[in-house]
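There are two complexes below, and they share chain A, which is joined by chain B in the first and by chain C in the second.
== the complex of A and B ==
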């Protein structure tokens, strides 16, 4: 019985199928909203799904210079780790798997898709991919620092005197004391998190690693067919994972008591977060340079997260 | 059922790669005009891809100068199947006003199979959109022929 339930969790509900389908939907919402903001009609909401299935039907070319195994395994590793993260993110009352330190597990798993992109790009043997992966590495270093500071602030707030690294504890604390966003000391951390999400996903102002107009999509340059489709799916799933993490960290107090309603509210908040921090910022900004991105994250965004951390540590 | 979904998607998400083989930039401007808010080709799923590996439709403009011929052939070979080639403007079709020049090796048909030709100097964005849409439908036919 427990095996069937675990398989259901892994393959269908918060796992592979739900993450892939809802992630592609979020990517569709993003493209549609950006198009509407630019006074265009925009593609249908199912467009990322069409893109994914079209890429499955294309020929897969493996360059002579490429390391075949790493080239093909990289997108699969990214896909698996993203589906895994979703199992640890609580949808209000419901968690598929919970542990005593799953916040740290999430922190580690969330870097794996970025590492997979670096491995895939570097094994393709293209000089453009080389530039792309060096930029991807700098981007990862840039957003990891504020991201860790935010998680520390949240963990300290929920844990009281100790650090609560369990998502379940954070969820229960919010059920008892109201959403994390309602605490004024957490508002700088929430703003910082909203700026970390687009960098993690790699949308417009922070898409220096995959700049299609200057370095031909960087690490993805040699990919075609199904592996490229998996990488596009990974980006869409990252949107869901990051906005889902934001929802359960900062909006965990909004709960109805019914599982189905909870899931619907969770999905609606995910859509709202996507529109606010990805589509809007995408529509109004141009791409940053890599050194500007690094400076922005280590000064402004880290500063906001640090303000929150200090306030929380002072007991506010 | 899965195969049918992939076949249907082939017509709905064509990604473009644009090769300029010595064009005067007129056709290139009109192609970009297709993506602007006024015409918005993205509503049919068209997207400009950064590299030939991601492309479904290759749009060739310009009269194919001797310098660009080799690069054109190499770039076309990098596009994964199923693919479509669209010649944009009169230049790749006939050489246009440059016909007979020592540095122009015009008809594109000599180097690859051309699926759709959009004639005009320069063609209107409406004509380009129609040509690209036809190419997307041809793409679906090709995919169906690949996997019977």
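== the complex of A and C ==
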């Protein structure tokens, strides 16, 4: 029974199937909203799903210069770790595998898809991918500092005088004291997190790594067929994972009493987060340069997060 | 019987050093046999101590020439192996054995190998002696042998550019460190009238006089030089780069650790100074600065081995930070990270050596695309790189995670914001480490293969086997860390935090209690929230599911190659219509976006790393002065 339940968690909800399907849905929402904001009609919500299945059926071309194993394994590893993170993020008071991950584990797991993209792009042997992975890595360094500050602030707030890197403690604290977003000292951190999300996912204006118009999608340049499809799926899943993490860090503690309703509320908040921090910013901005991106995150965004950390440290 | 093992292992290595020069200087077979027998027997002797010391909790003591204490004063040289000593001794023997095996293939193209192996065995013997001796003057003697063997080995390939310079820098700074230690030892002898560490510990317990504080500051500075914490790190980069790679591995795996061991032994056992919050703060700040400067310097390096050298400095920063916290959690994390650093940095140096052996260069701008020529080396490198960057489920993740926990717990407990900043620094340094290894991966193993390297061959088996062993240990230590904790880390941390047994074993039951030394019991550290086995099972399940998708996709290149079609534009890399194009950004310069933003910082750092020995000597003296002043002002 435990095995069947675990398999259900891993493969269906909140693991592979849910993450993939809802992630693709979020990607569809994102495209639709951006299109509407730009006075276009936009593709149907299911378009990312169609794209994914279309790519699965296409031929996979492996260039001569590429290292075959790394080239093919990279998207799969990214996919696996994204599906895994979702198992460790609490959906309000439910976690699939409670007690086996904390904030630091999640922080590291979230870097793995980025590393997979980098290793995959790097192994293709293309000079365009070389530039792309360089930018991807600098982006990672850029958002890592504010991200760390945000997580420490949340941990300190929820933990009080004890240490609470545990996700479970954070959701329990929110169940007892109301959502984290209602604490005014956490608002700068929440804003910073909203800016970290698009950088992590790689949407405009932080899509320097894949910049189609200058370096032809960077790390993805040599990819085709199923591996490309998986990378596109990974981007969509990252949207869900990051907005889900935001929801459980800042909007935890909402409890309707019915589990299904909880999940629906969770999904609605994820959609709202996607629209606010990805679609809106995407629609109104142009791509940054990599130096500007780095500076922006290490000054403005980190500053916001640091304000929260200091406020929390002062007991506010 | 068993009490003879430590001293036998050390003597065997020194004896073999002379035998190599006498019998083996012209005959490679005799030489290699002597070296391998000595290294293997020494390793077996130390491994045989695991059961009595680590599991049964014995402490092994040995009085040289049977000079036992006379009327309460230890006058002879004593060897004392407690759990902390054995922990480091295990790292030492593993490192030098693997390095010995690796040397057989790697050094085969060099001349005067008799000298090389003599120095190698001297170095191994001295570090092994250093971690197992119970006498502080004996420890100083071992430091001297270690320093001079290291200097000679650094300059061993003295026909290479920079080798003599590196040796000279090492000589100057290393000797300064040794002198500090000697001065400290002399002051301590004047204060305690004994050189035995156990007795010193009992005499100095909660009884620090100004003289002993001065001695503490000097000895900490001395061991700081040996473990290359910033600003004593200056000779390290050159030394690691110029030395043969098998020796660089020894430097990172053992010589560094000897410094860390010395720090722990002096701060925890002899002086019991780690319950003072100012000492903690001082050591933690040194550690944090070390990890940050180390990693930022590594990001701009153009040479594979030099980059690894700066990472070595940076990772030692984690260890120093963790042991500086003075808590059981911190000490466990620090010891674990020290062990992991030995494993993954050794592995990375070995892969760098394999690349050097196969291509003749470690310049990142001249390498590229080696993953197809040296696939086994590439896989070992990736394991090492992911371990050092702390990606789960490799070993670096667990130890770094412990360090973060320890530092942030300290921050919360003491309410001190400095520790919170140190936590942030540690976390950010980790991602920078990842960045610079991505750079190496791209510049050496992936990316484009230059024309000159088209005929590169995979490294020989004698070099691959140590790499495999190291890689396996990296993965196993990450997956089965509860066992590592139970049998290695917890006993070692316990023995560092509770000195009663250490004192009693040397000077008789009840001596410590008479001197008023408290018997503190330390609870084992609990690892929560990270269960790699669960993680691995989840990973495998999803991997299989996703693998099916990949297998189901179409791939026609294999078929084409079978039909004899050699080249097809369809499978060529996209160059936007050009004939052949190389990346405009050199392999070593991958992070120009980052560097542009940090121009000012790098200008300052480059100015400081001037390459002038006089400057470096000044930094060393200045840092020693700072340590001394801090200890005097704040400890009383």
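The working rule: the second predicted complex is superposed on the first by the 314 of 316 C-alpha atoms of A that agree within 3 Å, B and C clash if a C-alpha of one lies under 4 Å from a C-alpha of the other, contacts with A are read in each partner's own complex, and residues count from 1 in each chain.
Here, contacts are C-beta pairs under 8 Å (C-beta built on N, C-alpha and C of every residue); 3 or more make two chains touch, one makes a residue touch a chain.
Note that this is a predicted model, so its numbers are computed, not measured.
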Figure out whether A:51 sits in contact with chain B (first) or chain C (second), or with both, or with neither.
-> first
Touch count on chain A, higher of chain B and chain C = C
Using the touch definition from the top, say if A:221 reaches chain B (first), chain C (second), both or neither.
-> both
Touching A:213, do we find chain B (first), chain C (second), both, or neither?
-> first
State whether A:313 touches chain B only (first), chain C only (second), both chains, or neither.
-> second
Answer with first, second, both or neither: which of chain B and chain C does A:102 touch in the superposed model?
-> second
Name the contact category of A:62: first (chain B only), second (chain C only), both, or neither.
-> second
First (chain B), second (chain C), both or neither touched by A:42 | first
Identify the overlap between the chain B-contacting and the chain C-contacting residues of chain A.
-> 56, 58-61, 216, 221-222, 225
In the complex, chain C touches chain A at residues 369, 371-372, 375, 378, 382, 386, 390-392, 397, 401, 404-405, 408-409, 412, 417, 420, 423-424, 427-428, 431-432, 434-435, 438-439, 441-442, 445-449, 528-531, 534-535, 538-539, 541-543, 545-547, 549-550, 552-557, 567, 570-576, 581-585, 590-594, 596-597
Mind listing the chain B positions that touch chain A in their complex?
-> 5-10, 12-13, 37, 40, 42-45, 48-51, 53-54, 56, 78, 80-82, 143, 147
Touch list for chain A against partner chain C, complex = 7, 10-11, 15-16, 56, 58-65, 67, 70, 72, 76-77, 79-81, 83-84, 87, 97, 99-102, 104-105, 107-109, 111-112, 115, 118-119, 122-128, 130-131, 133-135, 137-138, 140-141, 144-145, 148-149, 152, 155-156, 159, 161-163, 165-166, 216, 221-222, 225-227, 230, 289-291, 293-295, 298, 309-310, 313
For chain A, which residues are in contact with chain B within the complex?
-> 31, 35, 38-44, 47, 49-54, 56-61, 212-213, 216-217, 220-225, 228
